[in-house]
Amino acid sequence: MADVLIIMGSDSDLKVMSEAALVLDELQLNYDLTVVSAHRTPDRMYSFAKDALKKGYKLIIAGAGGAAHLPGMVASLTPLPVIGVPIKSSNMSGIDSLYSIVQMPPGIPVATMAINGAKNAGILAGKMIGAHQPDVMKKVISYTAQMEETVLDKAKKLEHQGFKDYLKGM
Amino acid sequence: MADVLIIMGSDSDLKVMSEAALVLDELQLNYDLTVVSAHRTPDRMYSFAKDALKKGYKLIIAGAGGAAHLPGMVASLTPLPVIGVPIKSSNMSGIDSLYSIVQMPPGIPVATMAINGAKNAGILAGKMIGAHQPDVMKKVISYTAQMEETVLDKAKKLEHQGFKDYLKGM
Amino acid sequence: MADVLIIMGSDSDLKVMSEAALVLDELQLNYDLTVVSAHRTPDRMYSFAKDALKKGYKLIIAGAGGAAHLPGMVASLTPLPVIGVPIKSSNMSGIDSLYSIVQMPPGIPVATMAINGAKNAGILAGKMIGAHQPDVMKKVISYTAQMEETVLDKAKKLEHQGFKDYLKGM
Amino acid sequence: MADVLIIMGSDSDLKVMSEAALVLDELQLNYDLTVVSAHRTPDRMYSFAKDALKKGYKLIIAGAGGAAHLPGMVASLTPLPVIGVPIKSSNMSGIDSLYSIVQMPPGIPVATMAINGAKNAGILAGKMIGAHQPDVMKKVISYTAQMEETVLDKAKKLEHQGFKDYLKGM
Amino acid sequence: MADVLIIMGSDSDLKVMSEAALVLDELQLNYDLTVVSAHRTPDRMYSFAKDALKKGYKLIIAGAGGAAHLPGMVASLTPLPVIGVPIKSSNMSGIDSLYSIVQMPPGIPVATMAINGAKNAGILAGKMIGAHQPDVMKKVISYTAQMEETVLDKAKKLEHQGFKDYLKGM
Amino acid sequence: MADVLIIMGSDSDLKVMSEAALVLDELQLNYDLTVVSAHRTPDRMYSFAKDALKKGYKLIIAGAGGAAHLPGMVASLTPLPVIGVPIKSSNMSGIDSLYSIVQMPPGIPVATMAINGAKNAGILAGKMIGAHQPDVMKKVISYTAQMEETVLDKAKKLEHQGFKDYLKGM
Amino acid sequence: MADVLIIMGSDSDLKVMSEAALVLDELQLNYDLTVVSAHRTPDRMYSFAKDALKKGYKLIIAGAGGAAHLPGMVASLTPLPVIGVPIKSSNMSGIDSLYSIVQMPPGIPVATMAINGAKNAGILAGKMIGAHQPDVMKKVISYTAQMEETVLDKAKKLEHQGFKDYLKGM
Amino acid sequence: MADVLIIMGSDSDLKVMSEAALVLDELQLNYDLTVVSAHRTPDRMYSFAKDALKKGYKLIIAGAGGAAHLPGMVASLTPLPVIGVPIKSSNMSGIDSLYSIVQMPPGIPVATMAINGAKNAGILAGKMIGAHQPDVMKKVISYTAQMEETVLDKAKKLEHQGFKDYLKGM
């Protein structure tokens, strides 16, 4: 049984949204991932959102672009927390996606990530589950520690080589 | 039987949206008007949108603010044309409402009006029906002619009085 | 006799605007398509707009970019409904086009589409005519059903293959 | 022991942020609420964020305005999920607050709400805890149902009175 | 015979646009001032613009708000220089007016002023005529010199009083 | 003796600004063209602006990007009309250039063109001089007529070929 | 002899800019304060900027609004560091002021503050001088410590009273 | 011992930030340069900022992108002046970085540069130190004079060759 449902408005969003899945893999959390369009498959969206709680998901990650209605509509149809990922759009660089997702009216929150911030959606999912499952929290903490380690290694290397050589090596 | 269905996301939108109704009154077109929230009453939205065609409406006018999903979601659930009115929001002056309504993906158009442009929604409804019903078109033409007359009268008065006196009289 | 008049401010808009024509082809609606510039051929614009009603058009689709005046000016010269398509501009990504088209004053509506949303202009034209001609409405409904089918097929394939293989195949 | 820690950058944010607390009261969730400024009390922020997990909080709600660094900095110092509320600023209407909170780099998510969306922060907290505690989820569902009821009542009244009388009564 | 034609899209623009007239009064330049709406009186706009050259005007000042088409359309119908004044709009603070006026396509320039910059439109008119009429140029130079004098007087007073007393006196 | 002075903040602006010169060539107007940086050569800017009137120029065209101060500073130092061209910047697409040029305070107008609108700067120069020199006005009118002719020819060709063939030929 | 020169484009900026002076008073730093307009008194600006170094100032604080050229022009005329304060404008909320000041080209930096951030300009002046004068640095550190103390006191009071009583007392 | 500390949030910022270092090389000022991430290495940031004064730095240059918290957080942890460089981000072109850095609350100034304005950060560092060390100021003055010389040379060449030949040679 999966803890997380990852949906997106179009398969053109898959490249971005797969980053959420890859994080969940690292955190060893199960998920289902598919395409559900608020506008082109509204009936499918309705049943996915309405069934999510009883299917045992702990939260939903939804990515969409332009007039992005998927995260907000799903959030209105389920009591589960919904994480929204605004996908970068071709004409407005994702500002339209961001405003359509984050500016939800009182009553229906969507936990909004940065534009194209699918990786962070995966990490937030880990944090949300980890707050209630110590073994998951350990993996989140270790994931973050590795990230810090990577930066420290780069800093060390940069200080050692000097910035001119470091730039050449990039 | 009504030709036009006017819906809005909240009764706080009523003051703006009533301007659409008043135009339809002038053009002697019948309409139903009520509150339907995409986020707070998603089931109600579903049935309103799905039944609109068979109830005999010719088009739907939908107003909403913020992450405004009502016009786009209704448009995804009915083959009827949908006119969207972005309602001015308190924090972003309606830019969020505008982007959430106008930036619809290919496949699901919403005929978007200016921010708070409910009056124009009523006039566009008249034009859309008038294109197929000559008696309605006559009323639209006469409505527009009156508007022109009003401007011409003001121009005349302004030219006659001079701008300083005209300003005092405003 | 054509139902729809498609005009654009420059032949550089043709690639985008042709998408509206292709949708009308699918919906078996007749149209005329040409270049009419509000700024460079104002007399031509005047006669096109003033004659549109008596030529039997049911609506006009007008695309323009930058300080895009064509849709609004045409709308002020004809009682027919006008659908406006903001063309993506080189310096402001079409935000200027969008604001110049959508922010029309009370009295003169333009049914505004997304930036570069010419395909949706064609679909909206179909919906506007379909609301009064059942045979056209059938084609619109079938067009939408095909669109839904396409998404469902992709979803099925994605769920079957898993996202990693699906991404490789894109 | 409290489940939620609510912090804000300044006591001038209290009026907005108290809405989160009031929702938690309705959902019968315990919380601590205080002022912690990322810029004026960085040491206090450090110890609050670093101690949050061991103090037993399940999540943190952080509100801030302008160059709003509180939510993101707290998120970098704790493995707990952080909900960020961009407070409306006097000069940029909160766009600066929104961008400073939502555009977090990969690795450090902040669950961003709408500008001044503290009420939704409270509801999202309820959903996040409710996903793991059925008794809380019941309260969230009932809270949402009441909200739907309120809209339906207003719609009924509006349809019954007609919009002109309804407007007079507002 | 007047040198300058001042037109505006609505008498609600008069308060702002009258500042252009008052400057022309100071510079002792003759002008005609009236209301001409691109959208509500397109025929009137046509004849005003087409006749402007033969009526002897040297330039046209046109103010409009929202999807402001008046300056650009007039510029497309006359070889005279056109100064455009974007009027502050209620929902977008005049950003829409500015973009609709300034972003004119190659071929049809509009000399765009700041939002609500009608006073500067009058001064620019003076400069444009003054470049060809030395007596007018003298008045422009003297107008500017007075402006400088005023600032210098204030600076002197401020330095003399100290800023605390100066503030009290404001 | 030249009628027009064309200056720009950097030689990287030359490609854009040369379009103004090419229009003046077509209109047979003389001009001087050089680089004058408000920020890097402030003394040079001062003397160029202060001497412009007595050198016999009728107007100045000034192009600059980013925090573009050249047009406004020149306008504050000469009674001649100044046409400002906002150059597209690498990080803000020229929005910063536009605002820095168009939002001049009362007293110091700059006739602002579209972003990268140097061609229109040349045409406006022609119109400004043409309003006082009938032979120049004739050339402006003929220039505009050619432009209209070009659009009409394209429209004819498009209508004749049909849009599909026309698109192939582009 | 004064360490800091505070100038502003208009006496209407005095209310905001006086906050910088008040901070300098607290830090016991001497300053001169007056009005210098880049556009209305360009010669005065020239001499103020050119003389600043030899008059012994250590830095200049310059505030201006709209197309705000004062900070950047002064920075181009003196080797001293210049702190720029974008003043909130009536039509664009200071976005135009901010972009006109911060987007300076390579070679001429302006240390830009937040919109209306004159208080911070004063503090930055203290830090810049304090980095070279230990007695000033002590005052800056003590100023910051007081600020932290104030927040801690409020937090204590808020925690003690509870937020409902605290809100009543505001 | 170094006068300047240059830090950046990620090694991907190094290409931009190295321009600051190169200017300091030209001005013969010593600096340390490394990577310090506010979000991924918060402890490292804390110690770097807290130790900066006693390590003898005169100022800190900090570059970061997106929700850029590094400059502001460092400024809250040290009494030294902090120069912030907003790095151009992939989705918002650096507008998010700019707002996150410049809109600091009263009490904690960051001397903000243009987007990607690292070169200016280096020059401002030179000016800030030069105001207290005459030998450094001489180098700043000579650096600026060279810059002016370069522009004057280009202007001469452009005037000599004519713009058409000059463009070919670019």
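Just so it is clear, A, B, C, D, E, F, G and H label the chains in written order, and each chain counts residues from 1 on its own.
The rule we apply is simple: a contact is a pair of C-beta atoms (placed from the backbone, for glycine too) under 8 Å apart; a residue touches a chain by one contact, two chains touch by 3 or more.
Source: prediction; values computed, not measured.
Visitor: Counting contact pairs by residue number and requiring over half to coincide, which of C-E, B-C or A-H is equivalent to D-G?
Guide: The same interface as D-G is formed by A-H.
Visitor: Given that subunit C and subunit E are copies of one sequence and touch, is their interface built from the same residue numbers on both sides (over half shared) or different ones?
Guide: same
Visitor: So what's the Cα centroid distance for subunit A and subunit B, whole Å?
Guide: 36
Visitor: Compute the distance, rounded to whole Å, between the mean C-alpha positions of subunit B and subunit H.
Guide: Chain centroid spacing, subunit B to subunit H, equals 51 Å.
Visitor: Could you list which residues of subunit F touch at least two other chains?
Guide: 10, 40, 66-67, 91-93, 95, 102-105, 107-108, 114-115, 147
Visitor: Where do chains touch, given as pairs?
Guide: Result of the pairwise touch check is A-B, A-C, A-D, A-H, B-C, B-D, B-E, C-E, C-F, D-G, D-H, E-F, E-G, F-G, F-H, G-H.
Visitor: Touching subunit G in the complex: which residues of subunit D?
Guide: Per the touch definition, subunit D meets subunit G at residues 10-11, 14-15, 18, 21, 33-37, 40-41, 44, 66-67, 90-93.
Visitor: Contact residues on subunit D for subunit B in the complex?
Guide: For this pair, the touching residues of subunit D are 88, 93-95, 114-116, 147-148, 150-152, 154-155, 158-159, 163-164, 166-167, 170.
Visitor: With touch defined as at the start, can you tell me which subunit F residues reach subunit G in the complex?
Guide: 9-10, 38-40, 42, 46, 65-67, 69, 72-73, 75-77, 89, 91-92, 95-96, 99-105, 107-108, 110
Visitor: What does subunit A use to touch subunit D in their complex?
Guide: Residues 53, 58-59, 79-81, 83, 98, 102-109, 111-115, 117, 119-121, 123-124, 127-128, 130-132, 137, 140-141, 144, 147 of subunit A touch subunit D in their complex.
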